[in-house]
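One structure below.
Each chain carries a letter (A, B, C and D) given by its place in the written order, and its residues are counted from 1.
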Amino acid sequence: MIHLWLPIALVCVLAGAGAYGVIARRNAVLVLIGVELILNSANLLFVTMGSVRGDTLRTGQVLTLFLITIAAAEIGVALALILALFRKRGHIDLSEPGA
Amino acid sequence: MVILLAALAIPALTGTALILTGRDSVRASEANANLVSLVASIATAALVVATVVTRPKVDYQWLPSLGVRWQFSVDGISAPLLILTAALGIAVVVHARSYPPHGGSPTTFYGCLQLVELGALATFLSRDAVVFFLSFEIVLIPMWVLISRFGDSHDLPARVDASGRFVLYTVLGSTLMLVGILALVHSSGTANLDALAAARGAGLDRSTQMVIAALLLVGLGIKIPMWPFHTWLPPAHTIAPTAGSVLLAAILLKMGTYGIVRLVIAPLPIGFGALAPVFAAAGVVGILWGGLACLVENDLKRLIAYSSVAHMGFVVLGLSSGTTVGLQAALFANIAHGVVSALLFFLVGGLKERWGSADLATARAALREVSPRLGLALVVGFAASLGLPGLVGFWGEFLAMYSAWSPAADRPEGFMRVLAVLAVTGTAVAAGYSLRVLRLIWSGDRTTPAHVDAHGGEWSVLAVLVAAVLVLGVAPGIVLNTTSKDVSVITSEVSR
Amino acid sequence: MSELVLQATRLVVLAPFVASVLGLFVARRRFASAVIASTGAVVTLLAGSYLLYAVHHDSLAGEVSTIGALPLGQLRMPLHLLVDELSAIVVFAVGIVGLAIQLFTKWYLHGDDRYGVFTGTVSLFLAGMLLVVLSGDLVLTLVGWEVMGWCSYLLIGHYSRKDSASRAATKAFLVTRFADLAFVIGLIILASGAGTTNIRDLMATWSGMPGSTLLTAALICLLSGIAGKSAQFPFHDWLPDAMEGPTPASALIHAATMVAAGTFVLARLFPIFVLSDPARLILAVITAVTMIGAAILAFGQSDLKRLLAYSTISQIAIMLSALAVAPVATGSGPAVLYLLSHAMFKALLFLAIGWLSVLVAGTSAIALAGGVRHHKQLRVPLGVGFLALAGVPPLAGFVAKEYVLGAAHDNISELGSATGWIVMVAVGMSVVLTAAYCTRAWLILTHLSAEEEVTHEAAIQQADAIEDVSIIEIFTEPASEGGIPPDSAPASGSTVTDVLAEDVHAEPEHGHADIHRSARLSVGVLAFLSVVGGLIIFTPLVAVEPHITWWLAASSFVLIVASWAGVRYLAPVDGIGDAASRLGADRMELFDRGLGADGVYVALASQVVRLADIVVVADRQVIDAYVRGTVVVTRWIGVTGERVHTRKPSSYLVWLLVGLLVVGVVGVTSW
Amino acid sequence: MSQAVVAVNAGVLLPVLAPAIGAAAVLVVDVVAQRLRRTHYLIALVSLVVGAVGTFAGLGMAAGGVRQTLCLPDGGQCMYAADSVASGLQLAALLAAGVTLLLSWPDDKKQSSGNTAVIVSLVLAATAGATAVAGARDLGSWLVALELATLPTVALVALRGARSAISGAIALLTTALVSFGLLALAAALWFTATGSGFLTPAAALAVIDDPTRRPILVLSVALVVAGIGFKLSLVPFHAWTPEAYDGAPLPIAAFLAGVSKIAALGALLIVIRAIAPLGAPALTTIAIVAAASMTLGNIMALRQDSVVRLLAWSTVAQAGWVVMPLAAASSAAVFASGAYLLAYVLATLLAFAVVAALVQTRGAARARDLSGYHGLVHDHPVLAAALGLALLSLAGLPPGVLGLVAKVTALRPVVASELWLLAVVAAVNAVLGVAVYLRWLRVVMATAEPETDKTAPVAALAPSAHPATLVAVGLAALALVVTSINPQLILGLLGS
């Protein structure tokens, strides 16, 4: 059995990397990836704690599935919008002020 | 009970109806609006008098979720103010016959007057602290409209500034007051003003009382206006139309001092006692400050506004003393200032219409020469303003000074006595500025540019107010006997 | 007390008050105004007479309720009137003077379009004075006191078209009001110490604590107000300026009313005033300075009305000094006696001078010079007035002055305090000075003009002769001349009218109406009373023992004669015979300006105005600055906010995470 | 997984199911019969009304009353539980969505953009999310419902296709994504701390005594505040608001200002209720965020010349007021927050409705610019009156009594918890708020300039507003008037 600190450390790294990506990246898609990293850190935490706690409802695991689904929906909308942005502006740089 | 509700319903409905009436027939409806307003005001006044006489009580559930009830009734403290409000409600309408509003639709003008009256009446009638606050707020927007739309037509930026200052400053005050009210209601568990007064702060420790009292005093102090929160008043008065100035000075300011009696002095005796010296000091500074400013002020309306600051300082001083004498003085001075400032603002409003401005530096025809009636009213008005004994202004100020000299046992006597002496000095300053005005515009030998003397509606209003100044000055017992019973309940002092 | 007395008491105050209010409604109609005002004065006098009768005949004294007690918790304020011997006699005197002035005014302001307003104001003034006199309550005293002050403002400023009148009125009111500040404080101290404003009750309370510092403070405060109203140093300078008012107003203010009110109030409070030696000493010093200083100034005035004004200041000081020295046993009698006699002769002097000034169109010494030579009907009243003023035996002024000296003497002999000596010396000096300025005035009035001197060489000797005779005449004549009008007014009146008619014809440019019979009657009655008023000491009307300290009387008479002789010697034969011209023109001018007291007032007032300027600047730049400051701050935050909101989505994300950091840190730490 | 069969009560779920089914139905109908436009709207309105009716049973329940379903058989815990506050929010969301639909009612004269069905179904879907989140009691439904309420709005903003719309949508999207990431993390931390998937007080209480797990819970709450702060437009998570409002079509902006806020508050209240037993210190962050939102929102709103941006910033400020009571952490606070939100939504919707009506009559350029409102009271007195009522309600001044009562309600818990500093900040912001709305109102009330009046005669006003828009204005105005007369109608929804 792996120690608990390892997945938790990974959660922290993922969340931190995601946050950094969100802040530092200008490209919309890369920002999107940053968000995904954050979401995945949450997923990892759910799974980890779900396995540790082991309640009857399997909350951790179920919620992970939920999150993956939502993330997929999000990505769909987000990519569509980024596409529209690209069509209007010719770039997807988020550091450009809006109209 | 029906009487009381009708007294509130009539101005509310008339005001709303007038405002909502289209401005399609601006010219045709001028006289009609005045007539409707006049009838409504008279009916309201009759009902108010009936209410004061019969003293009904109204108690309906209104906001059970917040524990707010429509609780209205009359007692000795509010009765004189109600009568004053109702009377001036008629007076402004009658006066407006001589000076029709300009700057907007007359229906809006008269509607706003009705709503201001409604707010004032509701404030003085309400027995629920939260309803008190709501009523307090009713007057704001109509008054804002009166100032910003019907004010001095020459100066748009000044109108914007004056009306904005008025409404914003007052909202700050009333919101702070709301915070205080909510704290009071929460900590004492009742919103009923009578119950609050009866509890006399039982169960509230000193520090809580002080915090609540401080919030309420600052909030209500802005409305009074108490020094140093007074700078909204001079511009508002200067710009406002005559009716607005009158209602503002004679009634709206009184809501502040009335609120202090109801919300601070009665329910928070210990907290108020602790803050009273500061409060009194602010009042006395106001007396001197306002008076001194009047000595060099060259706009007559501003001058009267500053004199209001000084006069309300006496009210504040009386309130701070914590004795029956002080409270009686404050309540009387309230009424006195209501009458006197109404007289002066009616007068000066008319003069401003005649002169085109209220500037004292411009050479004018001496009032005594060209318009003896206005001259007489001016002399009586300023005589009362300087606190001449035998006129209405005297009793409140003298008794306030007395009360400051011998305050309640828990006040710092030495400090209060110093304040009393300073307040007395203020009366000399009042004499100074009053005579200055008389010398500038009443006496002299110029007869040009001539203007017509007061007549019709204007003169009847002035004459009635002059008579009121005299009658209340000669027989102050009319007011003092009305208030005494309830005042002695608040101070729980045994009369000697 | 009987119901009749109660009603009479109220009526005394009410009648002039009602007259003034009614008078306001008919102010445009001369006749109606005159009727109302005179009726008010008559009713007051009748009611006052009845009071006097009732008080002495039925020994009725007590309190009369007015508007009911005010409900003021711990402070009792019954607002009662107080009728006793003291108030009854003063009411009577005020009634007489008031009626006389009302009657005189009707003639004097014949051509004035504001006669109605004036006479109504006089009525109100009288109401105020009578309220002070009858007041049994400090607050009522204050009410009457201030009402009088306000009426004096209106009366002095009657000729409001004249800027000088308006200025004088303002000055009079402001100076007295300033002095009243301390008065009000004094009243408050007295009332709060006793818990009541009822004078008898509070005197009873305070009498129980004679050494009280607070009492001394209160009394000194009262003295300030009294000094203001009575025009004592340093508040004296308003009174000479008040001569800008019509002469009846001056007569009113100077005689039985306003300036004497201070004396009355102090007399009323005498039982507690005697308890405080410091206050008495202060009063003695103030009055000593005033009576001598004002007498000197009076001597140097180039305007005879102003001369009378300074003489009033000086006389009131003598009056007040009696209160400063009188031992408990002596009481306030001497002061009241002086008040009464001064009321009569000063009213007389003013009305007579006013009469004369109408005839010669002016009040300056030059205009009036030789006045009584041309208008002989004024010779007696003016002569009586000046003699009484100078305190020549046996006129009322003499009797009263002897009582003051007697009081000082009593003080020295009984108490041996410095106060007594101060007053004694000061009154002694003022006797000399008073005689001096009276003589000077009389010499001017009887001086023949330059042309007459040229045409009638012998006139100089004749003038001397007449001068000499005149004094003797006046000793002998009053019984016949001054005493006639009450008895046989119609006969005497018609003859004098004829004489006057000639004068009017002689001065067509003046065009003033023939003097009314009633006005002359007023003057006559006052002259009569000035002569025989001293006899009052033999009645029970004033609380004094009918005795005179003979060596004091004799020495003062010697002083008077010496002074008369000195001035007579100094008076030049050329010009207008003005003894004061020896002082030199420069000094005369200085005297006319009251030694520059006005300048001091103006300087003080300008300091207040400077303070006011500071306040206005502070109001704008300090108090209002934070109001405007909020606008500035709001705008600044807004501008900064706009700069920060770059509309860049990436920066929003930075905000979001920074916000998260803040929220997280605060949340965790503040748990 | 054990045999956990949840019991479903469709009646209780009706407020959620009705719009969801409606959304599906619209799409189905669109597939079956294209080119239909009004039908979609009718279906949507019907589904909203049905949903609204479904909330009635839950309104005004006594304290502790709750309608729940999706309950676990063994533990008795339910994944859906609507108390009266939740029911009130649901009703408000459904009605607000209805108003939104009325505002976007298709105009026959204009060419169809072809995506009517999409818009309607997205609105319904987002509404379903909003109603669902108010009742969600477990992490899963909470997250899903919240995202369901958010994602469609991104699409709705973007659908207009204009450049500004895309910009707004991008701003909204990026913030939404990151926020959701944070919320997901928050959910994970909650689970980590409590070991429970339910957002219940019981779960939170278990953590109190454990010093290692408590910080995790606090961090979780902080993340929730941040994540929901975005949706409520709380500073500093607010920056998208003006962009999105400005870029979106007006009805969608109204939707963002109304339904989205309701959804966000519903989500927040669940968490707040769950951690209420932990006490107020946990919520200091809320106090800070609330104070910052009010202040910045008002100050920025003061500087806006575009009315939509002004309303956007006003939303930021009002959001501060909405969450302010929550700093007190009590059931009264939850009630107060809900009440304030409802009052705000009603007033804001009315303001948006009036703007929408003006866009239709005067054109977008004029209606979206503040200066275009000059003299509105003369051109459109009725609309001006409605707008005035809405603005005054937002400002919290009579005659907008509802707004005033809402302020009273919101301040009550704050004062009760003696958060004096926060109360004073609120008082100052009441003033700023008044300044914001009166600035607009002053323009509305201004006397029409002669030249503009002449050049644009009233008769020549080309198109009149769409009836549906006018119905929306009328309904909202009526609701505001009625609730201003008797605010208990709104307060009562949320329980007594």
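Brief remarks follow.
As a working rule, a residue touches a chain if its C-beta (ideal position, glycine included) is under 8 Å from a C-beta of that chain, and two chains touch if they have at least 3 such contacts.
Predicted, not measured: the structure shown is a model, and the values here were computed from it.
Relative to the whole-protein C-alpha centroid, the nearest chain centroid is that of B. In this assembly, the C-alpha centroid of subunit C lies 78 Å from the C-alpha centroid of subunit D.
Between the CA-based centres of subunit B and subunit C the separation comes to 38 Å, rounded to the whole angstrom.
A separation of 41 Å divides the Cα centre of subunit B from that of subunit D.
A straight line joining the Cα centres of subunit A and subunit C is 97 Å long. In subunit B, the positions touching at least two other chains are 169.
Shared interface positions of subunit D, defined as residues touching 2 or more other chains, are 167, 170-171, 174, 178, 182, 243. Contacts with at least two other chains are made by residues 22, 31, 94, 98 of subunit A. Chain pairs that touch, as defined above: A-C, A-D, B-C, B-D, C-D.
Note for the complex: subunit B touches subunit D at residues 16, 20, 22-23, 62-66, 103-104, 119, 130, 133-134, 137-138, 140-141, 144-145, 148-149, 160, 164, 167-169, 171-172, 175-176, 178-179, 182-183, 186, 211, 215. Interface residues of subunit C, counted against subunit A in their complex, comprise 646-651, 653-654, 657.
On the side of subunit D, the complex with subunit A involves touching residues 1-2, 4, 72, 139-140, 143-144, 147, 151, 154-155, 158, 161, 163-164, 166-171, 173-174, 177-178, 180-182, 184-185, 187-189, 191-192, 195-197, 243, 247. Here subunit A touches subunit C in the complex through residues 19, 22-23, 25-26, 31, 94-98, going by the rule given at the top.
Taken together, the subunit B residues at the contact with subunit C in this complex read 165, 169, 227-228, 230-232, 289, 292-297, 323-325, 328, 366, 368-369, 376, 379, 383, 386, 388-390, 394-395, 398-399, 401-402, 405-406, 420-421, 424-425, 427-429, 431-432, 435-436, 438-439, 442-445, 470, 474-477, 480-481, 484, 487-488, 491, 493-496.
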